[in-house]
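Got a structure for you, written out below as structure tokens; questions coming shortly.
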Amino acid sequence: MSIILDINGVNKTFGGLHALSDIQLKVEEGTTHAIIGPNGAGKSTLLNCCIGRLIPDDGTVTFNGHNMIGMQPYDINHAGMVRVFQTPEIFPELTLLQNVMIPALAKRDGTFKFNPFNCMRKEKVLHEGAMEALADVGLEKFYDQHAGSISRGDKRRLELAMGLVQEPSLLLLDEPTAGMARHDTNQTIDLLKKIKERGMTKIIIEHDMHVVFSLADRISVLAQGRIIASGTPDEIREDPKVKEAYLGESEDE
Amino acid sequence: MMNLSLKNNMVVMLIFSAVVLTAPLWLDPIGANYPDLLQKFAIFGIFAIGYNILFGLTGYLSFGHATFLGVGSYTAVWSFKLFTMNVVPAIIFAIIIAGVFALAIGYISLRRSGIYFSILTLAFAQMSYSLAYSVLTPITNGETGLQLTIQDPRYLDAMAGVAVKEGLPSTNLFGQLMSGYSGFYFCAVMLIIGFYISLKIFRSPYGLKLIAIKSNQNRMNYTGFNTRPYLLSAFVISGMYAGLAGALMAVTDPLAGAERMQWTASGEVVLMTILGGVGTLVGPLLGVGIIKYFENIFSALNESALHEVFNFLPQALENTVVAVTHHFVGEGWHLTLGALFMLVVIFLPGGVMEGVTNLIEFIKKKLGMSGDESGDTL
Amino acid sequence: MDAILIQILNGLDKGGAYALIALGLTLTFGTLGVVNFAHGALFMLGAFCAVSMQQLLTISKKVKDESITFFDAYKEQPYLEIWWGDAGTVIIDYAVPISILFAIPVMLLVGVVMERGLIKHFYKRTHAEQILVTFGLAIVIQEIIRTFYGANPIPTPAPDIVSGSAAVGAALGLSDALVYPWWRLIYLAFSAVIIFGVFAFLKYTTFGMVVRAGMSDRETVSLLGINVERRFTIVFGIATIVAGLAGVMYAPILPPDYHMGMDFLVLSFVVVVVGGMGSLEGAVAAGFLLGILQSFASMNEVKTILPGIDQIIIYLVAVVVLLVRPRGLMGREGVMED
């Protein structure tokens, strides 16, 4: 198996605070890699460094053999690394279908294409792709509703559909089930398992251990900006440092 | 089977063309059927349609679009002076030069967003306006405005052997003079073409992307779009529409003055777009129609005309009504405009089109019809 | 040297007006989050407070003109002079300073009514909508003024005693030829006092501290359970008074007409943006800076090298500042960038 994402020696400070210290992380192609850790451990910062929202102070982020540091977010997207946001970043004024069509258009048209004389209604292929992605997350019935009017849980699923429709080679999921009811969470787990069969690599940030242990092939534990452990789910479960830093706490709750 | 709904571009265009070309007929009963006003409707319609492509789709509020209107007018008049009185080259030049200006101003202004963008466009507009009045007098003829003269070279006309008989020559379309109704029909055809392009843009992937930028620009970046060229192209397109409108102003009345570029003129097009309905296809046209119509009617009214209007009322009441209303007409027309503007923004942020849509929905509900489609609004 | 000093003085009094208008504008924006395009109209209303006071004091009665003896001539004589003689004349002469007292309650009333009646409902609307509704309001206000006062500028002289020029040059040991109108010097001092007054108010009163806290972090302040609404109204009232007073005092410099507000508004907005949206210090600094730059650009020596520069200098500076420092000279991150 080849390494699709290689994060090497990444540091990021805000003021005097070390948000990330010397992060080393390798993600194998086709696997699901979970990153867990207490709040404020730097998980979201790490994702932001991958997709170009933040630029690390030093270190490299190599994706498919290319250095991603300093690249524009839209170029990183086209390289095949796509993030699903934790707080839904959707287009509230557009319909669900349009919300999914947009990333599909990005996939097809590239960072910029001037096509004012094509007709949206004749984009049959894109239309079908978008409807499939909506069906994947169970929202196909609501395709013509405005995205601003659906429930928060549905917005998260729409987010997921917007990521899936681009068929990225690496999908970054930022707490995909946060705020979902148990039933919806299980549906999402099933969906993510299904995606795995398609060979899509995933990085998941998640608090819900049920989700993590049902999906992850490997787990890295982040605490205070450092990776304190990395390994298979079983290894992590047995790791005393992890128990101390994270699992212990969450079991007490 | 042919789809006969408004989703079909052909249907929309047929209806639109019919409405525009028959305007002299159906505007006659409300006293708006004279060429001067009809031309204004069409010209400002083009201006507003173009402005709506920027503001309506991307949400970028430019306070400088009158610059491109002015540039278009100056270019057209220069084309009349130097080359030919034929309007076709004038219009082509005007669109190109306005586009070049829009490219330069847009390139710089679009480095910022929000109110900073608005202020940058305003700053450029004010600079162009001031310079047109002062340093650029050789090109713009300053306060007097750029006019035609008998001595103008008109090289192409001269080569073709068109001699100036008496007085100033008139603009023409391959011989057909551009005054009165023929001027209107020419502008109307331009309006129809402009509307068609706008319709295509609204219903294209490109248009959808522009709307998405308005909705959530940040997300567009992470979705894989470089938004800057999208915004710049929309800015240039709307600048070209403004250039065309400016050229048509010169076509119907061949002179160009700097006041056309003042920021209040930019404000006017914002106002028309908002009033009609930002981001809708026909809204800006409704806004133009309402504002230009009432401007003509209201600003022409005076106190005695009001007495005539209200003479069905009892004498005392008539006097009171006239005493109040006369502040809103004639020179007080701007008061009406300002008040109207506030009322629309407060109660009908979506403009007149929102009102119309709500009304249609209401009627449909009353009649027990279900709201059918989504997406394509007019 | 003299020429430079004169230009600086020229720039300072204009800069004072810019700074005062921009101060209120940015105060409204920073605390209330509202972009107020009617702020220039408030400046204009202030100037018309001076005009009204002058007209009020000079309400006249037709009396026989005694100086003309060979036929019956009539002249208008203000009641004040008829009642109080010379004291009346003096009061009329001081119409502009007196109107400050009149303008404060009037402007406060205007501000409170405007905030409660209109602006309040626009806190949650988009900036574009705020701009548009206040733009409409500005048109309405200026048209109402035009209805009552006509379209022509109305001369509103300063008191006689300060209508001359101060021998600035002689006082500073420079050329005697260097003189400067007293009223403009007074305007400069006046704007300095108002600016320091506003800053002191914001710095040393608890109310001011809450306002400043609100400017840097609106959410937290509203979470503290402070009655933000009432404070918003007061802040808006203060901004209105500042704009109004700036207008009152400017009336002798520029005879007020109904659209003077619009002319100043555009420039003031540029000032606010150059200073940095939501930064009070930035607004004041940028106001004076742009006033002085404008005055230097209008020197003949400069104009011959760069023709037309006096017309565009402010906008040019605005463009450059915004491109080099995206948030203006003293702007903070995250303000007005969505």
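Each chain gets a letter, A, B and C, in the order it is written, and its residues are counted from 1.
Assume a residue touches a chain if its C-beta (ideal position, glycine included) is under 8 Å from a C-beta of that chain, and two chains touch if they have at least 3 such contacts.
Computed from a prediction, not measured in an experiment: that's the story for all the values here.
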item: Per Cα centroids, the chain farthest from subunit A; value: C
item: Per-chain CA centroid nearest to the all-protein CA mean; value: B
item: Length of the line joining the C-alpha centres of subunit B and subunit C, rounded to whole Å; value: 34
item: Subunit A and subunit C: spacing of chain centres that average the CA atoms, whole Å; value: 53
item: Between subunit B and subunit A, distance of the C-alpha-averaged centres to the nearest whole Å; value: 45
item: Multi-chain contact sites of subunit B, meaning residues that touch two or more partners; value: none
item: Subunit B-facing residues of subunit C, complex; value: 35, 118, 121, 125, 127-129, 131-133, 135-140, 143-144, 146-147, 151, 262, 266, 269-270, 273, 277, 307-308, 311-312, 315-316, 318-319, 322-323, 326, 336-338
item: Parts of subunit B lying in touch with subunit C, wherever the complex brings them together; value: 59, 61, 108, 111-116, 118-120, 122-124, 126-127, 130-131, 133-136, 263-264, 267, 270-271, 274, 327, 331-332, 334-335, 337-342, 345-346, 349
item: Residues of subunit B touching subunit A in the complex; value: 7, 9, 197, 200-201, 203-209, 211-212, 214-216, 218-226, 229-230, 233, 237, 373-375
item: Subunit B contact footprint on subunit A (complex, rising order); value: 51, 53, 72-74, 77-78, 83, 85, 89-95, 98, 101-103, 105-107, 109-121, 123, 144-146, 162, 166
